[in-house]
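There are structures below to look over.
Paired with subunit B in one complex and with subunit C in the other, subunit A is shared by the two complexes that follow.
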Partner chain A sequence: MSTDTPHDAREQLIELAAEFYDQFAEGDIPEMTLPTRTKSNIEYDESSQVWVYGDRTSTRSANSVRGARKLLKAIYTIDFLADQLGEDRSSTLRELYYLSESWDNEEAQFSDQDESNQLIEDLEIVSSVTREDFHMRPEESGATLMGPLELREQTRRGERVIHCQEDVGEGGYQIPNNPDTIDFLDHDAEFVLCVETGGMRDRLVENGFDEAYNVIVVHLKGQPARATRRITKRLHDELDLPVTVFTDGDPWSYRIYGSVAYGSIKSAHLSEYLATPQAEFIGIQPTDIVEYDLPTDPLSDSDINALENELEDPRFQTDYWEEQIELQLEIGKKAEQQALASRGLDFVTDTYLPERLGEMGVL
Partner chain B sequence: MTSLQSTLGDEPGIADELAANQREISIAEFFEKNKHMLGFDSGARGLVTAVKEAVDNALDATEEAGILPDIYVEIKEVGDYYRLVVEDNGPGITKEQIPKVFGKLLYGSRFHAREQSRGQQGIGISAAVLYSQLTSGKPAKITSRTQSSDEAQYFELIIDTDTNEPEISREETTSWDRPHGTRIELEMEANMRARGQLRDYIKHTAVVNPHARIELHEPSDSFKAERATDQLPAETEEIRPHPHGVELGTVIKMLGSTDSHSLSGFLQEEFTRVGKKTAGKVLDNFRDRYFGREMAWEPTAEDEIADAVSEATTNKAAEAIEAFASGIAEGVAARDHLAHHELEAIVAEIADGIAAEHGTFGETARQKAVEAGWSAIIESREGECYRLVDAATSTRKDEATIEALSQRIAAKFDDGRHRLTRSDLEEYVARAADMTQERDDVAVGETARENIVAEFWSAMKTVPDDVPLAREVASDRNAARDLVAAMRETDIIAPPTDCLAPITDELVEAGLKKEFDAEFYAAATRDAEVHGGDPFIVEAGIAYGGEIPAEGSIDVMRFANRVPLVYQRGACATTDVVKRIGWRNYGLDQPGDSGLPNGPAVVMVHVASTNVPFTSESKDAIANVPAIEDEIELAIREAARELKSYLSKQRSIAKRRKKQDVLATILPEMAEKVAEVTGRESPNIDAALARIMNNVQVSRVTENGSVKLLVENHSNTAEDLDVTDIVSTEPSDLSAGTVIEMDGEWFVKWSPTISAGETASLEYSVDGEATFDLDVSGVETAKLTVEQ
Partner chain C sequence: MSTDTPHDAREQLIELAAEFYDQFAEGDIPEMTLPTRTKSNIEYDESSQVWVYGDRTSTRSANSVRGARKLLKAIYTIDFLADQLGEDRSSTLRELYYLSESWDNEEAQFSDQDESNQLIEDLEIVSSVTREDFHMRPEESGATLMGPLELREQTRRGERVIHCQEDVGEGGYQIPNNPDTIDFLDHDAEFVLCVETGGMRDRLVENGFDEAYNVIVVHLKGQPARATRRITKRLHDELDLPVTVFTDGDPWSYRIYGSVAYGSIKSAHLSEYLATPQAEFIGIQPTDIVEYDLPTDPLSDSDINALENELEDPRFQTDYWEEQIELQLEIGKKAEQQALASRGLDFVTDTYLPERLGEMGVL
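After this line comes the complex of A and B, so read on.
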């Protein structure tokens, strides 16, 4: 799915514009066909073991006002991206939204950032070029990783060789927006541990967990950015490292695990490129809440709703998840990662993680 | 009290004194004091009312004689007074009648007739005469020439208010250039402040009387409404009252004066729409009320009946008893359910049947057999009661409660023939339910009780007893009351409508077209309904757009029996109904969702009836009678629906036009940009544009769980479509197409063929929230616009 050079990505975009051109020239009404991006239209792809879009498609056609506006915006965006790639520059999704304000045609301007974000996703799908290769990046700074890994990053200011324990501060190595600019050089890692919250990540680093167990600790920062998921996948695929995910014990955190392992609904077209189906969930599991008698909060209505939705989500239809989710609905409680601190600050690194990782056969 | 009486007693003369002052008040005198009741409360108003009464009379007279009306109205200032002249080309009035028609209040031919006419009470024109003599002191001048006579009669008269009799001051024969007709000249204190209403009245009269030629000359202006059709309104027939609309007092009066002997004859003779069959139905309902019904039980085993009967039969030969008992038992066993009177009939039949062979079974023997048989039959009544109570109550009632309740009800049916009226039955059930509530501590609510009563009542049978004769009912108030109730509850077809002359929806539309330069017209004429024994028909019309002013609220034109109602708009049922309709539904703006809507529209409502219920004698406003209001509402809604579809079509055309405008700007810009990005010449987009403009549009309207898919074919050829709507909940009430369920989603499939320029729609209902995914094939995608 990835393209090698900005030049290729540019070619793909112009190809797309040429398709519109040909449609016009043949007297057809320009249109763009996309997979329908809903929960009901994702299906499990046996060969790649990830969830991808199904067969249902929807068409953006210029024969309705809405459709015509969408396509006009698309062609303006294509123009912008082609220029950007031609000059080898990059911009953020938010910049694109504001930039549209400067376009001469008011009809082509975006009404909100969701619209421009979605259009970029549409273009990714129809052109088979990733956003990163369009040189579009998200606003938030990338997440970090920390561990016995040496890599080489292609930066705008030349190549840098970095060891992700020795050459970085406490904050760790900042994952770039396009992790495909990285080459892995060497490592002593045993496995990868993705952590949801910053507090827990800092706890693991402070307790020297990465050194003690040769772990690459990846900070997910909530719902992980694409770059974070991409690098996790590469760590698994290229270095053959087991990947584990450590989050809070609530429905929203299960979705974080879901997007690491199975891919998200919004970017199911990139699942093959972003998802790590082999990723395993450490916890906090509902069974942990019971076993370790963790301090809890009651489930709110929206939590219960989310859990029930997950039971219907094709991605979570495994025996393991059904059992865990049903247990959680039964006990009606949720717990945060930090709840482990109720047993002492070292409990997580000395007891919980070794026990869980042992059970999972990672240690 | 006591002290007051003694005081009164001390002055023996006071009652006599009071009595001396008490006297009969003449109707004329009463109205002299209550002019406003007749619409003569001010000079301005009085003039309009006088014109209205004279013109109404003229129209009625000409139509009755089958003459196309030609009416001339003139208003002139004469010194301090106004002089009103109204002339018609009617059949004229005979010399003897003239003074009574114009000089006597409450004199008329139509008050007693059940027939649609403009005037009814015979008050109007004589009230105008009265008003004129009271304000100007001048007599009314009347000229009338009947069709056959050479000369015309001329009268000058006033009304003697003490006696309500005409007082003729001049009477002579005169010549008149009209071959026949009537002319009335009144002088009265008046002013032209109500000129607007006067013009409205004439104009609106012209709308609903397209067959009339009306000319109005007033001091500053003239107005002429030409005849638009030579077709007179359908002649109306007088009808007898309808059983659904007569009151108890009227029925008693009718019973007293009828020539019919039997009730059935009375019903058939005195009422419309009652034949032998209907009379039978009414009488069955009457029997249920008057005599009550008899409970029918499931019979016990045949041999038990036979045993019981043979045991009760004595002094007969053994084989006679055997034949009698087994015959009865067989007859009983042949029925599923049996009431007392049915048992009596069986016993009588068997007794008569075997009389030849076994000798007579006398009255006593028969009675004994019935008693014995009945006792045997009602043995099993608890089971029957249980079945009925169980069927009537919700499944939530437990068995013990049903058992207790049914046993208590069964216990109420003890001796006798189990004949009871519905209120007796209600009493039985109520007592049983109360007892159950008290003893067993379970609630038996109102609904449950009503259901049980209904279940039992329908299991009970109408008795065959002979109904009383007409004259017997006339003197028995309760029986008469039961008869009226029975008449009301029987389904009887609506009264004939030939006593009514609706304008008809086409002529309503034509009338509106004549008077209003609008862009859209709709009209509806409802079927006849009944109120108070009088049939009525409601018609409504709507004119929209064009020259009708768009600012402010819409105009409501009200008509009763083709007479425009110009005053007391706020008190009229018509206005109330217009106000409470939710006009937003029909595409008109209605601030606050009630009240008169705003917009360029005129709504007209015509109520035609043999007796229009007005709020007062001045006949300005229709009274709030629910049956009439309902019909007014339905008529308006019927016309409004047409307006709605017109407006939504207009809107869809406007939307389409807007869409074309937008696309016509967006597409060239898009083509320009595409050319720029690809570095080629601008492509020719004409073909693509042409396709978009000739497209097929599929859109969805979802409203409170009802879903409507509209397919509009804007192309020049017929299109065959396959429409598939994937719905997340189960759809019901499909107007077309089929549903297939697959994996918790419902596929609604519909394959319409739509000719060029036509629209087709598919409707269905969904429960609660649902999501949809619409897929349309069969039409080139380029020509297709789907709005999800």
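After this line comes the complex of A and C, so read on.
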């Protein structure tokens, strides 16, 4: 799905505009066909193990004022993106929304940011180019990586070669908005460990876990940004490294694991670019809560509801997840990663992770 | 307020415990005296231009079960912190809360994290040592810095010398949790520009504003973390650089400026360590909204309420702020930083910032 250069992405966009042109030239009413983006048209693809769109499509046609206005906005946006790519520049989704106020045709201006965000997603789907390759940046990214990995990042100011342990401070290497500007040069890593919370990420780094076990620690920062999921997938695919995910022990955190492993409904068109179906869940597992007698909080009604939904979710239709989720509903408790500190600050790196990673066959 | 080494911080804590011991030895009931931490005992200090505690104090005495339990928890916490500093380790506030479950005396265990957080703040005040010097980390920090600055960070893995343009990717240099581990080695900077949003930070970096104007761009990420405020103050004090703050144009963003410049009520005991009273506000100013005809949103009731509170706030008792806030109430509008994109993606770096910084005498 990814393209190699701004030039390729620009070509794809211009082809899209050319289609409208051809439709006009042949006397047809211009239209654009998209997969229907409702929940009922999203399927879990068993073979690739990620979410994908189903077969249903819907058409945006200029045969109504509303449809014509949507296509007009698409044309202005394509024009802006083509210029942006031509100049090798980038912008944020919010800038695009504000920028539309400067467009000469008032009908082409966006009425709110949801509309411009949605249009960019539509263009991603129709052109098979990712937002990153349109050079559209998110508002915030900010996740970091630490581990025995040397990489080269292509920045606007030239190339930077960075070793993600030796050339960075304790904060680690800041993942750029578009990690496809990175080439992996060299590494001594045995596996990747994605961590939900900053407190646990700092614990692993302080305890030297990345050095002791040759692991690349990726901070997820809660629900991970696209850049974080993308670099995780690339570490798996290109360096052939096992990917493991370490989160809190509650239904929301299982969804974080799910979005790393299987993609999300919102970005189903990007699953093949962002999801790592081979990613394995470390914990906190409900069985860990019992086995290690961790400090817990009771499940709230919305926790229970979320767990019950997960039992119906195709991504969690395995013996492993059914057993864990049913146990959690039975004990009525959840626990945070940092609850392992009740056994001492080194318990997580000396005992918990080595045991779990051993069971999983990663160590 | 800051101490130089873990050893000093440890000594301060042990002195505190020694005081309890001496009180016992002399047959007195142990007690600990603290400034009263209510809003009515916080004053704006005209000379230092920051928030400080007033003269009122309250005493925690072991003459009640409740008071005795509080002192017991303080003793256990001091013991933990002294060990942590002795081993040159660190932990998060949340880990401390969970760790208390492993303490042998159940009475010393915290009932919730608010209690342990509060106790750490009390110990900061009584010992005049900052949380950072206790080696207590926040859960998340994550702000970044980009600019013509070479620094040396003392990490657990040895020293790292990093130039914050040449040795980092587009994401910039990740500010560590305790920026007092940094020494500034060399710089070509003319001033510091603190930026509220990630989108605008990325815009300035993409447009090369840090290179063109020799500016250190500090990302505030909304309400700035202590680490971000601390490094900003150090850049001002040690390198004698003017500090400017660039935010959205709404009352919540004026508070972000206020917390950089004057400190916050919550951390009044740290104002001298964290606040930069010389920091100047760039905008978005209500006059900018009018002058540049920026895209706006209407003020909500809570915006209006916050603006009216600011008119009463001693930090905003200047002709400048009165004029700006009254204008904003009159026009009934607010604008985001990125609304400048309605004039084109380069307007902020080619026109707006040079003009404003010129007016302010920074350029």
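As a working rule, the second predicted complex is superposed on the first by the 334 of 363 C-alpha atoms of A that agree within 3 Å, B and C clash if a C-alpha of one lies under 4 Å from a C-alpha of the other, contacts with A are read in each partner's own complex, and residues count from 1 in each chain.
Here, contacts are C-beta pairs under 8 Å (C-beta built on N, C-alpha and C of every residue); 3 or more make two chains touch, one makes a residue touch a chain.
Remember, it's a predicted structure, so these values are computed and weren't measured experimentally.
Colleague: Applying the document's definition of touch, where does A:105 land relative to subunit B and subunit C: first, second, both, or neither?
Modeller: It touches subunit B, and subunit C stays clear.
Colleague: Check the residue A:328 against both partner chains and state whether it touches subunit B (first), subunit C (second), both, or neither.
Modeller: It touches nothing on subunit B or subunit C.
Colleague: Regarding the shared-chain residue A:247, is it in contact with subunit B (first), subunit C (second), both, or neither?
Modeller: Neither subunit B nor subunit C is touched by A:247.
Colleague: In this superposition, which partner touches a larger number of subunit A residues, subunit B or subunit C?
Modeller: The partner that reaches more residues of subunit A in the superposed model: C.
Colleague: Is A:72 touching anything from subunit B or subunit C once the two structures are fitted on A? First, second, both or neither.
Modeller: The first partner, subunit B, only.
Colleague: After superposition on the shared chain, which partner residues are touched by A:23: those of subunit B (first), subunit C (second), both, or neither?
Modeller: first
Colleague: Once chain A of both complexes is superposed, is A:285 in touch with subunit B (first), subunit C (second), both, or neither?
Modeller: neither
Colleague: Return first, second, both or neither, reflecting whether A:127 touches subunit B, subunit C, both chains, or no partner chain.
Modeller: The answer is neither, since A:127 touches no partner chain.
Colleague: Mind pulling up the subunit B residues that touch subunit A in the complex?
Modeller: 658-659, 662-663, 665-667, 669-671, 673-678, 680, 683-688, 690-692, 695, 745, 773, 781-787
Colleague: In the complex formed with subunit B, which residues of subunit A make contact?
Modeller: It comes out as residues 13-14, 17-18, 20-21, 23-31, 36, 40, 56, 59, 61-65, 68-69, 71-72, 75-76, 78-79, 82, 105, 107-108.
Colleague: Please output the residues of subunit C touching subunit A within their complex, sorted ascending.
Modeller: 89-92, 94-96, 98-99, 101-102, 137-142, 144, 153, 155-157, 160, 162, 165-177, 181, 197-199, 202-203, 206, 208, 211, 221, 295, 336, 338-345
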